[in-house]
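What follows is a set of structures for review.
Here subunit A shows up in two complexes: once beside subunit B, once beside subunit C.
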Partner chain A sequence: MSEELKPDELLDRIDHTPASGNWMDAPVHIRPGMYCYAAKAESVQTLGLPNARTWNPIEDDWKLPENWQEIIHNGIKERLERFRTFKVFMDICVRCGACADKCHFFLGTGDPKNMPVLRAELLRSVYRNDFTKAAKILKMIPGGEKLSGGRPMTLDVLKEWWYYFFQCTECRRCSVFCPYGIDTAEITIMGRELLNLLGLNIDWIATPVSNCYQTGNHLGIQPHAFKEMLEFFTDDIEEITGVNVEPQFNKKGADILFITPSGDVFADPGTYTCQGYLILFKYLKDKYGLDVTWSTYASEGGNFGFFTSHETMKRLNAKMYAEARRLGVKWILGGECGHMWRVIHQYMDTMNGPADFLEEPVNPITGTKFENAKSTKMVHITEFTADLIRHGKLELDKSRNANRIMTYHDSCNTSRGMGLLDEPRYVIQNVCDNFFEMPPNTIREQTFCCGSGSGLNAGENIELRMAGGLPRANAVKYVHEKFGVNTLGTICAIDRAALSTLMEYWVPGVTVSGIHELVGNALILPGEKERETDLRCDPLPGMEEEEDE
Partner chain B sequence: MNQKYMLPLAGVFLLFLLAYAGVEGAGLEWFFGIVIPYLAVIAFIWGFVTRVIGWANSAVPFRIPTTCGQQKSLPWIKQNRIDNPDTALGVFIRMLFEIFLFRSLFRNTKAAFNTDENNKLTYSWEIFLWLGALAFHYGFLVVILRHLRFFLEPVPAFLTFLEYVDGIVQIGLPGVFISGIVLLGAALFLLARRIFDAKVSYISLAADYFPLFLIIGIAATGIAMRYFTKVDITGVKEFTMGLVTFNPVIPPGVGGLFYAHVFMVSVLFAYFPMSKLMHAGGIFLSPTRNMANNTRAKRHINPWNYAVDIHTYEQYEDHFREKMIEAGLPVDKEA
Partner chain C sequence: MDITQQLEHNREEILKKWFEFTIKSYPEDTARFFRKAKNKFDNPVGSATLQSLENTLKLIISMTSELDFQDYAVNKIDANQNVIENALDPIIRIRAVQNFTASQAVAFVFELKTIVKSIVKELHDTNDPLDREEFGYIAFDHTVDLVALAAFNRFMKCRENIFLLKATEAKRRIHSAFERAGLVTELTEEELLGSNKS
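The block that comes next holds the complex of A and B.
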């Protein structure tokens, strides 16, 4: 089983020199450990998406509709008209190879079809065959078909698409280096949309999508259970701080609606980040009277619809504005998440706006106008907290994080689809004294993906995830050995889950932490007792001995 | 033998021979010198314009720039105005850098995996692709500009100046133009990279080799005519002026090599719009580069934004009302 693959064995497999020959002749081999299970029929059905059925990727028969080739052809045609990105990116690649070794999946697997250029060529080859003049002219010459670089859409090609479009995390790192800005994320997004026309999603995406649609969040936590989860945290926080942080739910007329990925409510170590939010909101309520509400209906910040199709993304995202309107809040605050923020920053207002029922966001405590969010009316929590810190509105005790030697992992989406780079760093440096950057080619806009984004954080593809996360882990290892870094900070829910596993595999001794977990540790709540432990119930620096007695 | 480059190489040879033999053997100067160039220019203009219009006709539903630096957010956080622009001016400068200096390619790195006790992945700055690409494109640009002297009478002063600068090394007679040598050298470098770099070789198609061989052929025949066979330059000018004034003439004494040169240039022109060479036009329309990162500040409109089915709060509450009431959550409608 691939789960038992040791780091050394995985490393031995990596060879960045492709074999000679033509990649089109290399057949696809769907290998366990590298792919995710097929979408369950009932999850596909919830949203009424096409071809819901039980199927298995490693069986020969994928149970496709009779006219599947026609569906794909028409699907490509429609998307060429709807997305200039797609059309231009199909046409202008010169195959210079600058992107080749920028992909974490290529670096970690050595599979040449994980070079971004080849991932795109998988689709481009069919596009050339079906839609370009050059191919039509060459077909008239005997043997010319081979020269066009085109190939007809066959079942093998389809399987190859499926295998490799679910080996891309849409992280956009290649796009930073491409001289024409060709963005493989766009290609993968189109590829997955096309696959979804035939019902070829993976379950780790389809089931969260279905849950999110029906229940309000990916994990399918029902309203009463959602409330209970936060009440557990409230109890834990009261034990540690002596203060009851009492969150509010679905409250009409609150100032701010807060939305975060449900992973923060459900999965460690995101839960500690969630406790950080609760502490922050309690502090702001007691000190400044700020009224923040959570919603059980819009209880998901993440959007796995984004990994399915533009339409599905829109259907899931619609809840945020709908709930903000229903509750009559002034504006929306968003928690720490990666792709959630790509969707909010670059898609939400266009898809589901205009948000004219909300106010242009102003921080009522500092008076700061969030000019950069004045149309979408949603502010990132690190923008919000950085503003509070800058204006001296938070009382922070850095020494409570003194045992943490930090580095910071930029999430793909917030760095390359937004540019949120210095806000989280500012927050970290105000709640913790020891901060070391990873090497420059691995942070900020050149950051490496955790290897599990875009819905690939499943268990069955663990080998793929560990391989894809290698470049990130390798950079963490460097600062771990050089500076003794023991905490990897991040502002993404998928990262919190995925990097924890990744660190355990590649760099034992490094824990993963959300930024607001550190804020929660450092923030001094009015009326709190002397804290002995941090939010993880580990002794605070200087309190270790008392614990031992 | 690699089919991917042998066939394009053979093809370019064939094209050369076709024109050379056609002129020297069959006396088809009018065909290779007049008919083909006119057709090629028509194909180029028509194809280029249709292609660009085709792209422009596709919608831009979302504003999705790739951000390569700090966003504009709080007033005291320093924004990277060029790599993460939020204004039209910033985008303009970003595009200038991209088009004239290949900024993204300038970032290029080379990853190396050292399998030893540290197993360290390292990334070093890889500037040669950038240098090669820049040399190739600027070499080509100067060569094209220099050729304008064949199509303009009198020759404008800036061309004379350009020739002066290009020939500043003053070696040999006629003096060496640096641009031609740079163009040929850079094209050979790019070709060598395609053949010998295993990764680039693996991704390369015949369509990647063909234009390279063609351009190498064009540069080589050009250089041969200028420095070795010493083509009749007055005859050439008479010929080119005839073409641009729509009074085509075939002057005597201009050999087959010249027509082969013209023919390969014509093929390049005609081939351009249906090939990857259209990156020259596409870069201007690339949405990840030519849009401002201000999507949260200024609403972008999707022309085909259609209504979708959503699961409304009412449906949600209907589904969970009892549980919500029991848990003490507020509801809009009591049961």
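The block that comes next holds the complex of A and C.
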């Protein structure tokens, strides 16, 4: 028998280093806290998407159709033919690694399969195996399969796809650093589209899509309730300002149709941003006669179809334009939303466009032509407000935001997706005196994602969200400690919801605010009474003592 | 030199080894990036880990020199726990949301004993408990234990925080809409969420 080991020697042999080996051979472990619940059967059914059934990602049997491998193979084939980008991105990656440490999910979770290159490789390996000549030739040699970097599509591979394609927020930060310009978000988009062919969506996407398709918005709020919510806001605003802002609904012949994500109507702190819009429209109506209408039919700017498939995105997007046509407005003004703008800016024109029944957007108050929206006919509200401020058309009292020490989070979709970088900053600086930028490698084109975009802002995957949001929170923490920043401004509804929780975990003491909430606070409405509180009903700077008395 | 002086003298080397051990708890492909810690915004985990370990090590050295066994009262431990927890917070807060079990998340603390034993010559040469005590090793040993306990405390707080946030978020999403619609009158959202602030 061998000699007995002493405790010290035994302890010395414990190795804390994780096992190494080829990533392809490491099976996926679906960890609670990191994944979202499976799509409900009825939501998948409403949309007429395949394989609607009840299933659970942590069970072995995913209840797939018998010929699922064939469906995936044909799905890849079809998309390689349809989408030139997909084909190119499958072929040209040289695995240089420039993208590897640029992903917030990799930086936060430390999981190598979250390196954009490796996440893409999950799909690319199957592409190589099934579609490249090199793989076909190498397969003839014993052991040659692996030389081509290919692998067959197995159930483990499918589960790995599902786990990791729903650990990517399609934020495109990695693509900024890719020397070939490979857009890994598009690979995730294709991956999710393929998964949807087998009914493998997550519920935080599928149910909002189904609600939006059937009722008009993500939460499935019916028209009368939508109207009532805005009327509650109207009452709140009247209490604060003494002015009834009188929103208009479904008004035919209005100048402008306004569409915003329903999160602004139903979820705090977006609701305060929504009140900001209402105040702005009232001001413009009284001062310049601008006629803006809300729609209870196009009551959702967000488009979770974008996270499902191109076809689903198209169906949801069409509704906004159908409503604009029905109401006969000149053009569409869009609220503070993230991915809605990527859909409009990058897809709308060739998807549902051209929207030639609408006019090329011109600001009727300033005469400014919004050249970038010439074809889509849809203008972002921060461009619109920045233009009004630039032409001195708004009366603003900055002192009402004097207690806000601001920084600004560039939402991935508006910054990288459409180049909207300076307008929100311009608006902030005109309604608030204290503004501090986060470090340059964390803002503008290089902005870090909130960690909850692309339909991942669910509750059950909160560990993924907190880890993915770490790089963003880390930069906020820096300006919070250095400049005393207490408010994080943003122009995306998902950001407003997600960053609030993220701040509570990583940087307590920082609140999240939409930009038009600040505009609503600062804007002096004709005939308003002396305001004592801001839109959150907190005392205005200088009013705190009076409040106490 | 006693243990405090030795720790001070070898601080850089101890920290380097401690950081390396901690970073190696990540898969090698990841560790390669995390240990490069240059810009703290490009590499938040690596830099927070290094910073947090550095602060904790400083604290351990000063606590080792001050630790008085006569005064080893519960309230003193409690007072120290807060200071230690704050030093550990950045590293533990990160590991609490990553793919680690509770023991894996705090294991790095215990490793400090092994590292110090391998570096400090006096500890190499003797296994005699009396020599070790005279050298001050026992004080160091106790301090590391205190740090380990603090690490576990902070880990639990972070985990509880995560679950509370999850619950708060669910309440916030649904409750405020109901409240506005006049369906809930007896409790305000603020009252319901009050538990988060206490």
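Heads up, the rule we're going with is that the second predicted complex is superposed on the first by the 529 of 549 C-alpha atoms of A that agree within 3 Å, B and C clash if a C-alpha of one lies under 4 Å from a C-alpha of the other, contacts with A are read in each partner's own complex, and residues count from 1 in each chain.
Going forward, a contact is a pair of C-beta atoms (placed from the backbone, for glycine too) under 8 Å apart; a residue touches a chain by one contact, two chains touch by 3 or more.
This one's a predicted model, so the numbers in the text were calculated from it and none came from an experiment.
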> Fit or clash for subunit B plus subunit C once both are placed on subunit A?
Replying inline: clash
> In the superposed arrangement, does subunit B or subunit C reach more residues of subunit A?
Replying inline: B
> Given the touch rule stated above, what does A:Ile462 touch, subunit B (first), subunit C (second), both, or neither?
Replying inline: second
> When the two structures are overlaid on chain A, which partner does A:Ile30 contact: first (subunit B), second (subunit C), both, or neither?
Replying inline: neither
> Which partner does A:Ile141 reach: the first (subunit B), the second (subunit C), both, or neither?
Replying inline: neither
> For A:Gly353, is the partner it touches subunit B (first), subunit C (second), both, or none of the two (neither)?
Replying inline: first
> With the two structures laid over each other on chain A, which partner does A:Glu228 touch: subunit B (first), subunit C (second), both, or neither?
Replying inline: both
>> One more residue to check, A:Phe266. First (subunit B), second (subunit C), both or neither?
In response: second
> Which holds for A:Asn441: it touches subunit B only (first), subunit C only (second), both, or neither?
Replying inline: both
> Is A:Met115 touching the first partner subunit B, the second partner subunit C, both, or neither of them?
Replying inline: both
>> Looking at A:Glu323 after the superposition, I want to know if it touches subunit B, subunit C, both of them or none. Which is it: first, second, both, neither?
In response: first
> Quick one: which of 113-121, 203-211 or 311-319 on subunit B sits on top of subunit C after the fit?
Replying inline: 113-121
> Once the two structures are fitted together, what part of subunit A is touched by subunit B and by subunit C alike?
Replying inline: 11-12, 16-18, 20, 23, 100-101, 107, 112, 115, 118, 228, 439, 441-442, 470-471, 474-475, 478
>> Looking at the complex, which residues from subunit B come into contact with subunit A?
In response: 3-4, 7-8, 51, 54-64, 66-74, 76-78, 80, 83-84, 86, 98, 102, 104-105, 107-111, 113, 115, 119-121, 123, 129, 133, 193, 197-208, 274-276, 278-279, 282-283, 285-289, 293-302, 304-305, 308-313, 316-317, 319-320, 323-324, 326-330, 332
>> For a test of understanding, state which residues of subunit A touch subunit C in their complex under the given definition.
In response: 11-12, 16-18, 20, 23, 31, 33-34, 100-101, 106-112, 115, 118, 225, 228-229, 232, 266-268, 271, 439, 441-442, 459-460, 462-463, 466-467, 470-471, 474-475, 478, 497, 501, 504-506
>> Show me the residue ranges of subunit A that touch subunit B in the complex, using the header's touch definition.
In response: 11-12, 14, 16-20, 22-23, 48, 80-89, 91-98, 100-102, 107, 112, 115, 117-118, 121, 132-134, 137, 146-149, 172, 175-183, 186, 213-214, 216, 222-224, 227-228, 249-252, 296-297, 310-311, 314-315, 318-319, 322-323, 326, 344-347, 349-351, 353-354, 368, 370-376, 378, 383, 386-387, 390, 415-423, 426, 439, 441-442, 444-446, 470-471, 474-475, 478
> Where on subunit C is subunit A touching in the complex?
Replying inline: 21, 24-30, 33-34, 39-45, 48, 93-94, 97-99, 104, 107, 111, 114, 161-162, 165-166, 168-170, 172-173, 176-177, 180-181, 196
